[in-house]
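Look at the two complexes coming up: subunit A is in both, with subunit B in one and subunit C in the other.
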Partner chain A sequence: MRITRRQFIKLLAEGAAALSALKLVSLIPSPSPTAILRPPGAVKEEYFNRLCVRCGICLEVCPTKAILLSDFNDGIEAVDTPKIDPTVGPCEFFRGRCEEVMRCSKFCPTEALQLADKEKVKIGTVELNPDKCLAYIGKECVVCDEMCPVPEAITITSDLLPIFHDEKCVGCGLCVYYCPAEPKALTLRPDGAKRA
Partner chain B sequence: MVRKAVDAIGGIRQLVSEGKTVVVKPSVLTSDPNCAPDPRVIAAVAKLAKEAGGKVIVAESSGGGDTAYCLSKVGITSVAEEVGAEVRVLPSEDEVLLEVPNGQKLQSVKTYPTISKCDVLISVPRLKRHSSTTVTISLKNMMGTTPQSEMGRFHRTDLSQCIADLNTVLKPDLTVVDATVAMARTGPTGGDMIEMNTIMASKDPVAIDRVAAKRLQELEQQMGIPSFDAANVKHINAAAAVKVGTNEIKKIVIIEEDIL
Partner chain C sequence: MEKTKIGKIEAIRAVTASLAVLFFTAAPVLGLMYGTTCALTFGSFTLISPLELVLVSLSTKTMLVSLIVPGLVVALIIVFFGRFFCGWICPVGILLEYSHAITERKSMKGVGSLDWIGWKNRERYAILLAVLAAGLMFDFAAPYLFSPPGVFYRTILYFTFQGAIGADLTVLLLIFTLDLFAVHYGRTWCNTLCPLGTFISTLSIINLVRPKVDQEKCIDFDLNCLNCERTCPMRIPITRNDKWAIMECNKCLKCWANCPVKAIKMEVFDQRFSK
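Let's look at the complex of A and B:
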């Protein structure tokens, strides 16, 4: 099929109009969005679903495959947008394969995920269940502290129990991923996330 | 320093001869270089084994990160390749099951063919404190010859006894402890890096752990850091109880040489 010059200019104009509309829509915050664990560099939740084009590139480039697609349980607006599951893989943005550059943000074609200063990112907050924690039930285990990349985000008491310091935790989920308790004693929640 | 230490206990040639497969096992927990032995120590050990005719492999299964990335980031991959050693990322291999006939808690343990088939296993840990097992030296380094799933099982079962049991079947033929800079106060991450300028070598992993722990205890005491009792490190004593080696200081001959 041949496209005339006139048709080509029309297509360009329509494309530009569609992009502008997307940009405008993205500026309208979603009403009370569900809290979701988003990859590092994610914009605030109320704008995320509007900016994310569900291309799945972030899933492809994540070296730990920690990014999954949201489903209806995360709210209808969020279906097929990326979310972090630290039980599947830890997010290595603070230490590991993405410490130099957050790949998901680098390759995001829209501004849903933005390159951010890793010191200013917090994916969520870790919650410890002492009934399931091996240290709290008398086993020799401080794996969470061993894995934590942030100085003093987890400290160990003289009784060899881990204490989590939310103000220092970046929510990377390394502790959750490596927690050897079955079921895991640690959960990463979206509370307290710091977004772009 | 590494050559002097190994020569002092009889030299590398009593273990390595032409064509032998030698695995050098560093202690690379994460991609933080402070957690791992100094790459120069790994290079020196690999070089010694090569000179004796060994086919040298540096092998690791990191507990806290992608093994290939961690080995590269701490600088071990490049130095190993420089001295002609092969680097093997253990989690990329099929797992093999070993029986642990004298295990108290472990009846079997999973490892990798590179480890189970080698002729000579050399453990090269950095001397470090550990907030759970007090210290992590050679005995605990052997956890990095097993898959992540086994490390989890050890923690759920009885970590110190599992470390001891593991060393009954995967006992290093030689241990070279990197105590050039030790990690004091806490560990295995985030401790204080203190210069000790020491390399230790032994064919008995229990004895070397016992002596190295004692040196670390003394160092911490000198520095006024709240310390520990090296005679009461659970996994070292458990390893002695299952006859991996001796933890009795009076039975350990220490040859010490100041070369600085």
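Let's look at the complex of A and C:
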């Protein structure tokens, strides 16, 4: 393959144009200001998008189908990376169908999701909206407390009202998934997440 | 005669690609294999696309030790078989060939300037280098954009597992829209833009199966035939026997089947080995 000087300069210009186009694409800001809820064992967010190869293995091995793929609303660099939606499925890494291991982290080919001690993992924190919570409205409901796998993360007062303890919550989303209120009184936010 | 020959080859290619789609759809449901072409795992045995591995390494400035062997295994297959994957397995490439057969206008058939073909052959290396430099310089690794089969299979797995359609379909439609602007014979994405395809062809140093034109039989110079270059979806100037350009060959056998004087042989070994 012979290249003349003129063609070489053209090639350089092509490469520079492609590079600046990619730079422009990477500068598109994320429309959603909130951070993404990552599966348990995820590395720090600054490394996650670069380590994830978007193979989709975590989504396929999840026994509760809690993992969705991010879309353009989560930022151009995060497209197709895994995120957790507790309204679709609860993450049972702490107790339950996940066989006491984090299957997504176990199968992840890169180090985007790493197997970690389940005591040290925190996906996020659940927030209660008292206006929608059945117990606070005046009906009898302690579903969240019954479903919670973590001891003392949810306590029930003598008036049968649930109290959420943020420091104990692991963010598995079981309470969110089973919350009977319509719309759900609980939301899982990535605040206070503990990552490898 | 030629018509039936090319029809048979086309049919076999469509079948192999469909079987790959079937495998990637059914195997994760049955629990035999998980993943897409970006990376896949049979439980303890993992394979990863070398381009993804290079992109991850460049953007994080680290080397993932556990992935060196899986990446090298795939790279070794590519060294021997080159872009065989693009011609026989990649569903996007084969769909592009079919979609372009529908949209192609008769007046556009035929070879334009041969220099333009040569120019396109070089341009793709600039694009691949830009993609790698983007990973290295400003940590922009967006492998979802650069691996069309990955995008295709992810669309399928997202639908089978969650019943949802994600961002992948947008990327896929973008690729097909780009190809509508293809001037000559389709697969513009594959033969000019696809960084994965360029990466594969750059790796295919040995490239076992390749077309070779017998210059004595070829009627290009007398009759300006160029049937092979006209039908080549990779836009390879086949009659020139250019080593660099031949690395792009996706082994679709169209040139071989379309040659009116049977001047093209699919060489299994390079001359290096036969001498």
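The definition used in the following text is that the second predicted complex is superposed on the first by the 161 of 196 C-alpha atoms of A that agree within 3 Å, B and C clash if a C-alpha of one lies under 4 Å from a C-alpha of the other, contacts with A are read in each partner's own complex, and residues count from 1 in each chain.
The working rule: a residue touches a chain if its C-beta (ideal position, glycine included) is under 8 Å from a C-beta of that chain, and two chains touch if they have at least 3 such contacts.
Just so we're clear, the structure is a prediction, and the values are computed from it rather than from any experiment.
Using the contact criterion defined above for the overlaid structures, shared-chain residue A:E146 touches subunit B, although it does not reach subunit C. In the superposition on chain A, A:E60 makes contact with subunit C only, while subunit B stays out of contact range.
With both structures placed on the common chain, the touch criterion links A:L160 to subunit B but leaves subunit C unconnected.
Of the two partner chains, subunit B is the only one that A:Y178 touches; subunit C does not reach it.
For subunit A, the partner that touches more of its residues is C, with subunit B and subunit C as the two candidates. Against subunit C, in their complex, subunit A makes its touches with residues 1, 3, 7, 11-12, 14-16, 18-19, 22-23, 25-26, 47, 49-51, 53-57, 59-61, 65, 68-72, 76-77, 79-80, 88, 107, 109-111. On subunit C, the positions that touch subunit A within their shared complex are 28, 34-36, 38-41, 46, 48-49, 52-53, 55-56, 59-60, 64, 67, 70, 119, 121-123, 125-127, 129-131, 133-134, 137-144, 150, 153-154, 157-158, 161-162, 164, 166-168, 170, 242-245. Residues of subunit A that touch subunit B in their complex: 63-64, 92, 95-97, 99, 134-135, 139-143, 145-149, 151-152, 156, 160, 174, 178, 180-182.
Subunit B meets subunit A in the complex at residues 29-32, 63-66, 69, 131-133, 148, 151-153, 155-156, 158-160, 186, 188-190, 234.
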